[in-house]
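Have a look at the structure below before the remarks.
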Amino acid sequence: MLSSEEWGIVALSLKVGGVAVLATLPIAFALAWLLARKRFPGRMLLDGLVHLPLVVPPVVTGWLLLVAFGPFGPVGRWLESWFGVSLMFRWTGAALAAAIMALPLMVRAMRLSIEAIDRRLEGAARTLGASAWHSFWTISLPLALPGVLAALVLGFARSIGEFGATITFVSNIPGETRTLPLAIYSALQVPGGEAMVTRLALLSVALSLAALVASEWLVRRGHRGQDRHVL
Amino acid sequence: MLSSEEWGIVALSLKVGGVAVLATLPIAFALAWLLARKRFPGRMLLDGLVHLPLVVPPVVTGWLLLVAFGPFGPVGRWLESWFGVSLMFRWTGAALAAAIMALPLMVRAMRLSIEAIDRRLEGAARTLGASAWHSFWTISLPLALPGVLAALVLGFARSIGEFGATITFVSNIPGETRTLPLAIYSALQVPGGEAMVTRLALLSVALSLAALVASEWLVRRGHRGQDRHVL
Amino acid sequence: MSFDIDVERRLGDRSIGVRFTAGAGLTALFGPSGAGKTSILNMVAGLLKPDRGHIRIGDRTLFGDGIDLPPEARRIGYVFQDGRLFPHRRVRANLLYGHHLADPADRWMALDEAVDFLGIGHLLDRWPHGLSGGEAQRVAIGRALLRAPQCLLMDEPLSSLDAARREDIMTVIERIRDTLKLPILYVSHDRAEVDRLATQLIALDG
Amino acid sequence: MSFDIDVERRLGDRSIGVRFTAGAGLTALFGPSGAGKTSILNMVAGLLKPDRGHIRIGDRTLFGDGIDLPPEARRIGYVFQDGRLFPHRRVRANLLYGHHLADPADRWMALDEAVDFLGIGHLLDRWPHGLSGGEAQRVAIGRALLRAPQCLLMDEPLSSLDAARREDIMTVIERIRDTLKLPILYVSHDRAEVDRLATQLIALDG
Amino acid sequence: AERGPLVMAAASLQESLTEAADVWAAKGHARPIISFAASSALARQLLAGAPADLFLSADEPWMDAVAKAGLLRANSRTTLLGNRLVLIAPVGSTMKLTPARGFPLARALGSGRLALADPDAVPAGKYAKAALTALGVWTSVASKVAPAENVRAAMALVERGAAPLGIVYATDARASRSVRVVGTFPASSHPPIRYPVALLKASRHKDAAGFRAFLLSKQGRAIFARHGFSAP
């Protein structure tokens, strides 16, 4: 059904999208928590920064990544000299680009859920002997689960669809950075490539539908009979 | 500070983003409501469809729009012959592209808020004489407001940043479809255009920050002292 | 005859049911925790659909014989066991929510009067969040009375009030029962309260 | 001397304050709705920070003199006026939440015993959503007792329970008061309840 | 003011064509409205029935596709410009290398990559691939290529040091201060680089043909030459 090249592209997309979303999740949650719960100077600024990848065209984001993480860039130079690591032309670079593009969506979704938590339940947990930390893990986080799941779905879908920042930052290298959207782009550049485009586009749709179904299943599993509002 | 050409670009971006978000808002809310509240055959499919613009690379979305809404496309032909309207090369087409790209983000945000509503409050409104419709307007919708505001912010930011679908669908026409990201793209094509790129990128950042501040202000105004959890 | 109720409904793995007719006045539902008192009020209010049976109040059929009136058409004032105030509306807007929706000709209590005997005048501009338990309960009573109901459902309305306030409100309930002759379905665990107010007593067992 | 409390706190445009010392046993807080009873319990529990003053229980200072213990270090069992059960955990997990966190050596009640006198054995696998008012209240009492507290705060714990269940629970409270000698701060509007349980009565006025 | 003709032009013509339009407008004509995007995107818009007057493509196949759909005005297609391919390196690089048959490109790259526009899709990349193939070095560098979205993106990779070498149009390299031209590819090593121009059948604008003629005129060609384009 799929050629082995197509399988490779799908596998790479899954790897890039999966790693991007899972690695971003804790950071995004921390940011969502900060923005939802804390008042500090520079909060609006942080909020703005988080939204940036949404506003700035992806190619510009990719270009900024190149400027920062490229061999001449400050971060790139530092990574290279301290860890001998370079993200250039690597799938890890593609994951970084995808993660940054997915970040605003993930933060917003989780922030909405965190803001909807009944904080008195956290107080109740504290009187029952839970430290702030324990109450976070057993009460706040589970109650924010709808947002976390929404963040996973949105983030994964966005990562799977990421194109502009990726190709600008790490170019379009088969087997390393050529994810589904980049393969689709290549096909679109060729007159008469529509059949290939359709085929690959349907593939990405199938991937994200699978992610959706999985997340709905998780929600349903988590919700069995419970409801958020009690007395 | 800004040249008149730059002012024109900013004004166009605001118009495109504003119209896209405001026109999409009711549709997105209706979809969010359906997905959050109703169980019907094909619900997963609808959910998947809503997420599509996130997954499929923007150029593909633009291409599909072109195929459907172009003068030779089925919808385009119908619009032309019945209403004498064409979206080709028009800012309305850019708004359509932005709206479609913003849709998944807006639906998710509002869906999260709708799912967090304490439905017993709607029951209470009904016993007080409110029709389902009145209870929706006076109880459900205000309680879903955090999600609506998040949808506005996310949708506007996404619209302001929309590039791939727009340039593919309605091209890059000064004064009509050349929004900020397209102007940035044009500047990027000019070697040494970095200064211009930076300038325009900062402009889009400023726009979206303004939107953020406005939304935070709205939230605070709406929340004065209230809290979602009572007894 | 004001109440003619015969309903049954499965909840989880148990079945809640009751069958009674009651004359005018205040009918007290009595029974242990979990017996199904709240569920029965919910069925009368139209918030919970009985699996079978009928609900008639006076000469109106609310449920049964193919009829199933929506809650807003039942013209019932329901004081919930939990306050269930609207968190996004101030106390005044909570009180007036149903009042504004009612036909002016049907209204039989004014805001001032309710505010007065409930002693909530100083709370009108507050948000529900931050009200004490008893304060919220009083606002909930006011909201239900101001909606111009033709029948009252009260689920432990006085449970967290002090004796003096309780006395004031009971006086008003008696007036509603005797002067306005509204049928009232009343849930309480307090024997003294029930003895004083109830015209009739329906016992449920758990 | 078990309670030595002297606190003050502004809430909105009013000031809540109380100052009392009480001996061993059960101290009842009595006062009209809105007097500040719940706020005082919240201050003792560490959920509301007094503007000034001190809170001492036995020989431990919970607040004042530069000390402000976090709620989890106060070793208090708090039965809230509203149930405040964790909606995402089943009844059993709600009951055991604090139990598991307590030092086994400090525990003085087992799950079985609590379930037994509260009569909630059939609810253990249920979600809090769908519990009746009295059922939720009983689970909340159990959860506070099982947390192995060294002091109890109870805010109208029996308000929506029937007489028989109330009797069972009062017997247990008496036992806790007399055998375990835990200091208890108790809010109730029920005169009979207070007369029977209270060693000492603190009146607050609104 | 009167609207000028609508011109669909390859993005790489941005500076030169803008200048040409300015000069044309200064002659008292309505200023043409120019949409710059990838030739592929523009061609697809035309294929979908977009009503434009003039199309300037960066390569022949997309113009062919539009022609095949019967959208071009008869006899209006002609070649406007030519360009050259150059090998570039970051400005600080001291690399010496002349593109010629069998030149040691792979060795010069070492473990680095060669930045190109996508050789399977984007015109500049296709020319580069053809040139390297003709010079007999393609097989040795094929696995070291970094295919970018377009020429400018490829050049950015070299400018930022991500790639030690890249192949771009002479016009691009000339305009960037961050890259150095290492060598120019022999014109014979690749198919001639040509920018075709054509009027569209759907064109109604009275100035369309005039603007096309102006671009092809001596004055027009001089503007493009100033930006580094060669005559076709």
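Residue numbering begins at 1 within each chain, and the chains themselves are lettered A, B, C, D and E in the order written.
Methods note: a contact is a pair of C-beta atoms (placed from the backbone, for glycine too) under 8 Å apart; a residue touches a chain by one contact, two chains touch by 3 or more.
Computed from a prediction, not measured in an experiment: that's the story for all the values here.
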item: Shared interface partners, meaning chains that touch chain D and chain E; value: A
item: By count of C-beta pairs in contact, the leading pair of chains; value: A-B
item: Rotation angle (°) superposing Cα atoms of chain A on chain B, nearest 5; value: 180
item: Same or different residue numbers at the chain C/chain D copy interface, by half rule; value: same
item: Distance from chain D to chain A - Cα centre to Cα centre, in angstrom; value: 44
item: Distance between the centres, which are taken as Cα means, of chain D and chain B, whole angstrom; value: 50
item: Distance from the mean Cα position of chain E to that of chain B, given in whole angstrom; value: 35
item: Distance from the mean Cα position of chain D to that of chain C, given in whole angstrom; value: 29
item: Multi-chain contact residues (two or more partners), chain A; value: 59, 63, 120, 164, 185, 188, 228-229, 231
item: Interface hub residues of chain C, defined as touching at least two other chains; value: 82, 130, 133
item: Residues of chain E touching at least two other chains; value: none
item: Touching chain combinations (by label order); value: A-B, A-D, A-E, B-C, B-E, C-D
item: List of chain B residues in touch with chain C within their complex; value: 120-121, 123-132, 134, 138-139, 142-143, 145, 222, 224-231
item: Chain B-touching residues of chain C, taken from the complex the two chains share; value: 45-47, 70-72, 74-78, 80, 82-88, 97-98, 101-102, 127-131, 133, 136, 143-144, 147
item: Touching residues (chain side chain A, partner chain E) in the complex; value: 59, 63, 66-67, 70-73, 88-89, 164, 167-168, 171-173, 185-192
item: Chain B partner contacts - residues on chain E that touch it in the complex; value: 6, 8, 11-12, 14-15, 33-37, 41-42, 44-45, 48-52, 150, 152, 155, 172, 174-177
item: Partner chain D, residues of chain C touching it in the complex; value: 11-12, 31-34, 37-38, 81-82, 126, 130, 132-135, 137-138, 155-156, 159-166, 189-191
